[in-house]
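So, here come the structures, one by one.
Next come two complexes built around chain A: one with chain B, the other with chain C.
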Partner chain A sequence: MKTKMKTGPFIIIMVIAIIIAIYTLMPFILVVVNVFKSAKGEFGIANDPVGLKGASFAQLGDNLSRVINNSNFSFWSAFGTSALITIICLVLLAVFGGMAAWVICRNKTKWSTAIYMVFIASMIIPFQVVMLPLISTFRDVGNFVGLKLLQSIPGIVFAYLGFGGAMTVFILTGMVKTVPYDLEEAASIDGCSYEGIYFRIIFPLLKPSIVTVTILNGMWIWNDYLLPSLMLGQNGKVKTLPVAVQAFVGSYVKQWDLILTAALLAMIPMIIIFLIAQKQIMSGMVEGAVK
Partner chain B sequence: MSEVIIKGLKKVYDNKVTAVHDVNLHIADKEFIVLVGPSGCGKSTTLRMVAGLEDISGGELYIDGKLCNNVAPKDRDIAMVFQSYALYPHMSVYENLAFALKLRKVPKDEIDKKVREVAEILGITQYLERKPKALSGGQRQRVAIGRAMVRDPKVFLMDEPLSNLDAKLRNQMRAEIIKLRARINTTFMYVTHDQTEAMTLADRIVIMKDGYVNQIGTPQDLFNKPVNLFVAGFIGMPVMNFFDGCKLLLEDGKYYAEIRGVKFELDEFQQKALKQNGQQPCNIIAGIRPQHVTVGEGQLSATIEVSEMMGSEYNIHARSGDDEVVMVIPTVDLHTDVSMGKTVQFNTKPALIQLFDKESGNNLIWYDKESADADAPVCKVYQF
Partner chain C sequence: MGTVSPAKKLASAIFLIGGAALLVIALILDFTGSQFALRGWMLIIGILAVLAGLYFFPSSSRHKGMINIIFLFPLLFTFAVTVIIPLVLGIFYSLTDWNGIRMTAFVGFQNYAAMFNQPSFLWSLLLTVLFVVVNMIMVNVVGFLLALLCTSRLKGIGFFRAAYFLPNLIGGIVLGYVWQFVFNNVLITLIGNGISLLSNTNTAFFAIIVVYIWQYAGYIMLIYVNGLVTVPGDVLEAAAIDGANPIMTLFRIKIPMIASTITICTFLTLTSAFKQFDVNMALTNGTGSVQNFLGKYLTNGTQMLALNIYNEAISKNNYAIGQAKAVLFFIILAIVSLVQVRISNKKEVEM
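After this line comes the complex of A and B, so read on.
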């Protein structure tokens, strides 16, 4: 039974909620408002970042074409790099994360417990603590072993698998526990090999949790700035979208119109995915919170 | 031909628990074998070793003449029905049934034909598109059996397949399995803790306790010739009456059983068997099945405590000294007042008295030293 809230408290809560919503959305609103404006002029972004005067679709078109055609920014290449890195990471995290979770869950030995503990422990360590040693280690590997990990897509994918693996395995292990072991035995009698059991039985049954971790990892990897900026750098050939936006940020001149337009372009795929998969994301978050 | 030969099969779990000691069993082609025994006696473990789900710690397993100790489950050509049904929740009923055939790369139209044929037999055709979640317990059970049937396996294994069903459905499915068996025509190994299931389904029953096989035989054998107290107590409903403190007497070359001071001269075949064994007089526990008691005459007496009229028969619980005596008396044979509180005389035929050695718990007539497992622990008194 739902108890109906009294009108007074309801209004107060709604007002607070709306204020919090606006507060959270402010950066996004600023982006959306200002992509319609030019950088300079009386009503330009620099002088009037919140007003709607001076906003026009013509200006938006102009901003878009300047961003997309900018040779320093090279939008399509950055977009492609971001998409490639994100997709590869998501697929590998889902497949290997599921495998790791399955094996950890089903082989209860001292070793598997220890490995699981290491996964959990690694979630506690903040990224900022390990980022500088990580970069220098990667550089050493490049110098001495000849494996190019910096400024390369395989390198950053490798790093993301490490940073994303812990949470993925953590969430998926919880899910594997809910799959009855009988199913695997039945499958092995029906004719499945060991790999067959994973891909035909376990992986499909992990689907709800796979969707959850894919969305969480996807939002993080697509939007991430710090790791790619350290690993790929400003001057390399390979850049992700958030890193490429830096092209418009000079030491003295900040081209706000282009920065914001590029930021909007970077956001659009995530916004579309969010709108499509809204229900899944919400239930995924709740699930993650409960488990 | 798909006979299963089990020689000295043994299972020791990691934590040093010996779950199964030395099981020897020769299952003929198309035979229906039921493993029965109380919970924890090692029935499932034995079955799972045949299936390949547990490693075999010792002994040999031959399926169809081939040594299978180290063969993977998928290569043993067996099918198994699990207690939990273990249906794949992400697949429709159709896909569940087709799964094993698909893995074996059977052509699509052949799979379709086979799946529909099996679904027809089991009456689940209208559910083929459903997911298992949308089925009742009985329907899931059918799908689980169907999944095993489509394979035409060499051996059909079932681990307590009916124990998750309610009593009515269980009786119904039991009858269906008997019907199915006639159609499938393969070798069956069936595990249950329910002696009624074992008695009604089996060609031969293997009765186990604490990891040891106690007796292997037809349902009639187990009922009429139990080798020890455990088998006598486990098989038969209601449970056999046991009278402790009885004696086997030998007077003038004739054996007598003395029950509560009353002497019964034993039957011809009992005399012969005891003589052959050179049996000396000893303390025994006498066993009499409730169905073998007659009321009205006789030197034994008992006071009736509960008397249940079941229609064609009376179930009577009476007290005779320290022992509780259960009697099942056909209504037509009853000419005595058996209402509560009455004291009645009762009797039995000496040939129907089972004689168990007080020391070993073994049946003096039917226990066979040759075939029995000498290491098996002594079973003195049967308890649930």
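After this line comes the complex of A and C, so read on.
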């Protein structure tokens, strides 16, 4: 039985909720307001960073063209690099992660248990403790075997597979456990090959957890700064969006019209994806944490 | 179990022998210092060919084992190269005079001694502990209150949840710069005294905490909401019939019933606050003056541990000391994680 809340407390709670929402959205609103304005002038960003006076679409177009075509930022290239790295990593992590999770889960040998334990334990390793040797290892091994591992997209994808594997396998193993073994036996009797069982039966059934790991890994890889900044370099040709923003701010200190426009461009893709898949993202983030 | 076709036998043999040959040639080229441009590709194709050979391996009794190896290989290999090897090397390097490229001598615990003699490092350590403790409490309290708000009978609840969660979507670098703008321009204009919060060490530290709570509380809120909705409705109803007021219901029923959620959130905020780097770098880059700490004047007033490690190695080029700090960082996190696992295991047994 739900009792109806009295009007008085309801209004108070509503007002509190709205005030907090304004607060959490305020920085985003400020960015949007100010990309419509020029840096200087009476109503420019420097003198009046709050008001709507002085805002115009012409100025927005001007700001956008100055940032997008800026060789220090090269938005499309950075956006493309970020998107490419994220998508390749997400696909490979889902496929390889599912494969590894299935093998670990269905073979109760000493080896598979040990591998699983190492994966779990490795999740507490902070990036800081491996980052310096990682760079030198990639540089030295790359030179030795004749492959470009630093400042290259395949190299960074390789690193993300290594760092994202543990969490992906952990979550997917939990899902594989819920798939009844009878199903696999039945498929095997019907003549399905061992690897076919994974691709035809297990992988499709893992879909809910694949969505979860894709969201968790996607948020991490898309927003990650430290790994790409070390592996691709601050001044390298290949940059991800966060690295490009950092480099751009470094070369245009305090030029807020340019910086805020760059920030807006960096935020938009994520916000669009959030608007489309809001429910999945929010539940995926929770599931990842609760497990 | 089934007969093996000769075609499969042949394919397996070709792939295994060809792949192994390519691998051997590539490695010989590597070890002889050849600069042949295609040797990297030979290595990759060699590995793939060997895997294909294993796949076609002409024995159905072994087939399962071969598939297991092939399925585990990609993640295990990348994991070993990017995590295990650098971790072992890193611990080793922290005991040497490594300069990021090569090492010449083993120096024992000299790097560790050196870092504990840096007042700036001790300051960062202290600051990080303070930051972690404050945030662990604040983010959980704020997140929990938001969760209560978002499970009460609000209109447009979906909008509020999304609005509170939104800051968590954007990376710390971009957010850090946006907040720098808010502190340095917007607030100055609104308040009108011309002094930015970021210009003073104490208030700048406070500003980092504010931004961190802003970014993280929405996420923690979602986890608490998830916990709160699992509290059974009939229990709450029974409590209401017995005359429990909302505050009693909160402390006697809701909070005890979501104890495991509280453990998860505490641990999440703890590790994430401890590793805080992006916002710290973008907002203040660790600057801020400290007049007198252990008799020294410091310029890294708002620099936390992760940023201190980064600057020591990358900016100051002291790779060995930076690595020693990172190992300490790892040890602290490992201890915290073990304690957390212990606590949550104990709680689960009690329940």
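We adopt the following convention: the second predicted complex is superposed on the first by the 231 of 291 C-alpha atoms of A that agree within 3 Å, B and C clash if a C-alpha of one lies under 4 Å from a C-alpha of the other, contacts with A are read in each partner's own complex, and residues count from 1 in each chain.
The rule is simple: a residue touches a chain if its C-beta (ideal position, glycine included) is under 8 Å from a C-beta of that chain, and two chains touch if they have at least 3 such contacts.
None of the values given here were measured: they were computed from a predicted structure.
In the superposition on chain A, A:Leu30 makes contact with chain C only, not with chain B. Shared-chain residue A:Leu52: touches no atom of chain B or chain C. Set against each other, chain B and chain C touch different numbers of residues in chain A, with C touching more. Of the two partner chains placed by superposition, only chain B is touched by A:Pro180; chain C is not. Contact with chain B, but none with chain C, is seen for A:Ser188 once the two complexes are overlaid on the shared chain. Applying the stated contact rule after C-alpha superposition, one finds that A:Trp102 touches chain C and leaves chain B untouched.
Applying the stated contact rule after C-alpha superposition, one finds that A:Leu205 touches chain B and leaves chain C untouched. By the touch criterion defined above, A:Ile87 lies against neither chain B nor chain C after alignment on the C-alpha atoms of chain A.
When both complexes are overlaid on chain A, the residue A:Met267 reaches chain C alone and has no touch with chain B. Residues of chain B touching chain A in their complex: 51-53, 72-74, 78-80, 82, 84, 86, 88-90, 99-100, 103-104, 147, 151. The residues of chain C lying in touch with chain A in their complex are 26, 29-30, 35-40, 43-44, 55, 63-64, 67-68, 71-72, 74-76, 78-87, 89-90, 93, 100-101, 146, 149-150, 152-155, 158-175, 177-179, 181-182, 185-186, 189-190, 214, 218-219, 222-223, 225-226, 237, 261, 264, 268, 271, 275, 277-278, 281-282, 306, 309-310, 313-314, 319, 322-323, 326-327, 329-330, 333-334, 337.
Note for the complex: chain A touches chain B at residues 180, 182-183, 185-193, 196, 201, 204-205, 207.
Interface residues of chain A facing chain C in the complex, by the touch rule stated above, are 1-2, 5, 10, 13-14, 16-17, 20-21, 23-28, 30-31, 34, 45-50, 92, 96-97, 99-100, 102-104, 107, 115, 118-119, 122, 124-137, 141, 144-148, 158-159, 161-163, 165-166, 168-169, 194-195, 198, 219, 222-226, 230, 242, 245-246, 249, 256, 259-260, 263, 266-267, 270-271, 274, 278, 281-282, 285-286, 289-290.
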